[in-house]
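Heads up, the thing below is written out as structure tokens.
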Amino acid sequence: MNDVLEFWGESLPTLLDGLRLSLEVTAACLALGVPLGLALALGVQSKRRIVRAVALAIVEIGRGAPALILLQFAYFGLPSAGLALSSFTSATLALAWTTGAYTSEIIRAGLDAVSFGQKEAAAAIGLSRLDAMRFVVLPQGLRVSLPPLFSFAILMLQASSLCFAIALPELVSQAYVIGSNSFRYMSIFVLAGLLYAVICIPASLAVSLLERRLARHTV
Amino acid sequence: MTLEIVRSIASGIPWTLAVTLAAFAIGAALGAPLCAMRFSSFTLVRGLAGALTLFLRAIPPLVWLFLIFFGLGFGYLQINPFEAAAVGLGLIAAANMAEIYRGALASIHHGQWEAAFALNLSARHRFLDVIAPQLLRVALPSGASYAIGLLKDTAIASTIGVSEIAFQAYHTSQRTFHSLDVYAIAGLLYILISLPMAWATRWADVRLRARVAR
Amino acid sequence: MNADPLLEREGSRRKASETPLLRLEGVHKRYAEFEAVAGVDLQVKTGEVVAIIGPSGSGKSTLLRCINQLEPPTAGRVTVGDVSIDAEREPSRRELMQLRRSVGMVFQSFNLFPHLTVLRNISLAQERVMGRSRKQADEVSRQLLARVGLADKADQYPNRCSGGQQQRIAIARALALGPQLMLFDEPTSALDPELGLEVHAVIRELAANGMTMIVVTHEMHFAESVSERVIVMADGRIVEEGTSAQVMRDPTSERAKRFLRAVADR
């Protein structure tokens, strides 16, 4: 037991470096992906067919293709078309695509949850469509979307583990390297798992709490 | 050239389907007792089930696969990539299906249980004839959604050597200079496979709706 | 410059003028198979108060929404003051905005914006649609709140107010743009009878000050007392029209008789 703890102690700094990178890539893909999701949520409801079609295509591919494939597409595929990106950039772009696709559905559901009466009232007092969206619908809709968006963010942190496959030195990669050098796979992956758990479990509980609090304040 | 690429990647389809099916079967089956444990009158049992679910869902699937394949596989058990993938994804599926069953049970109107009691049905009949059909009806859409998600998760199995679509795509791209096409085709393949699954779900949903009125 | 919209009409006598403020000509609203409004012709003079009653599904609410184009009619013409909109052509942004500024609407479920304070609810449209500064808008809003007796609620959120208060705030919000015509869609149906009284009081005061209004309501006593003219609608058409005394006491059409009898029995 002591032995394992010692091993963990030695490995921890390296794993923490990897964890930091995992968090960075997650933050980056969310920063790009969520605004993309909002744009797509509005895009799929656009009156112009071309906008609708393009938005729909982006969403369907982003949701239909496994994140791993999108990652490999960005990192291994693009160079053959002349665009060579670093593993961090590829990871960010690919995961932002996934994020945008899934969050567009979440945000759309949130916007739909805003009661029809609100939209009627906004129109009746003469607000333009844009103003109605900006001042009445979005503030309420995004609020509804908040808990599922946070849940999704937690999922994206887990998805960052896939970046192992595109040579990003995030948490799992670091663990794998230590494992293959020491052959103590079991211990190192248990530690890696615990590091994910230590972040994701409290985060999930916090989201449930948020959900309950928000439900209290709505009608 | 492209045809050869497609053929090469498509050879992974049987493995993709096999892992998906195996994991979903394990998940749907184990999810039931796990869900039952959540309703147990013993706090310890409830707590254990809760903790298990929490951990299974908080740790990335890739880490679970590595834990099972490299961790257990190295020195503890003889386990091949397919088994590791099926078990790993299956356990995670169990946790998720347990949650789906839990949600479905909660949504069944309180009055159904009361009526079943009042009609003096035995516990077994209560469950089989009254609750289970409604449970199925509510759990089906979520379960099917999850299955489609599971299909995509099987791509992870490529990292431990299961010869499914993503694995074939990777090796094909290493062999040729058409990496862009290779991964685009692989992505398209996943999307195409999920379509009949979505249609089948909708068909089943309609059939069930007709027989179990809301 | 900053006229209180309520005081725009001087004096407390109702002024009826010759040209009707509102004119509906052959208005139809069809949804696929179903015609909610099946040909309505209506004129309302400035300062008039008209009540519309009738069974559920008779098209009363839809008709109101046809007036301010929340539901654009599938046929016919709607004229409010200078703005005339034909069903055949798509109204321009300007026409639509002009229309919505002249027509205020109060909904059965109030539809206040829950994420904004009461004051902001009333000021928002003034700033965005009329271009008033925040200071100007807030001043007008406070005046309006005072008129409906809720000056102290300005900085609260709607969910802290009772139903009756929320509806009065909704009325203030509708008045903020200085409309010439006010539409009320079952303003007290969602309220307890007691809370409904305070809303009726505000509506009566508006009427006394000369506001042109159309009130769709289930409350027969209120309909008779607040309005000069009562219209009975059924199956998307007007089946009876006349002074409130005439229609309520002595209807001529069978359909109207049937409806009023059923209501009286309850």
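Note that the chains are named A, B and C in the order they appear, and that numbering of residues resets to 1 at the start of each chain.
Here, a contact is a pair of C-beta atoms (placed from the backbone, for glycine too) under 8 Å apart; a residue touches a chain by one contact, two chains touch by 3 or more.
Predicted model only: the values in this text are computed from it and were never measured.
The chain occupying the central position, as judged from C-alpha centroids, is A.
The greatest number of inter-chain C-beta pairs in contact is found between A-B.
Taking the mean of the C-alpha atoms as each chain's centre, chain A and chain C sit 47 Å apart.
The geometric centre of chain B is 55 Å away from that of chain C, both derived from CA atoms. Centre-to-centre, using mean CA coordinates, chain A is 21 Å away from chain B.
Chain contact summary for the complex, chain A toward chain B: residues 60-61, 64-70, 72-73, 76-81, 158-159, 161-162, 164-165, 172, 175-176, 179, 183, 185-186, 189-190, 192-193, 196-197, 200-201, 204. Residues of chain B that touch chain A in their complex: 54-55, 57-64, 66-67, 70-72, 74-76, 152-153, 155-156, 158-159, 166, 169-170, 173, 177-180, 182-184, 186-188, 190-191, 194. Per the touch definition, chain A reaches chain C in the complex via residues 115, 117-118, 120-128, 131, 135-136, 139-140, 143, 217-219. Considering their complex, residues 68, 70, 93, 97, 100-101, 103-105, 107, 109, 111-116, 124-125, 128-129, 159, 170, 173-174, 176-177 of chain C touch chain A.
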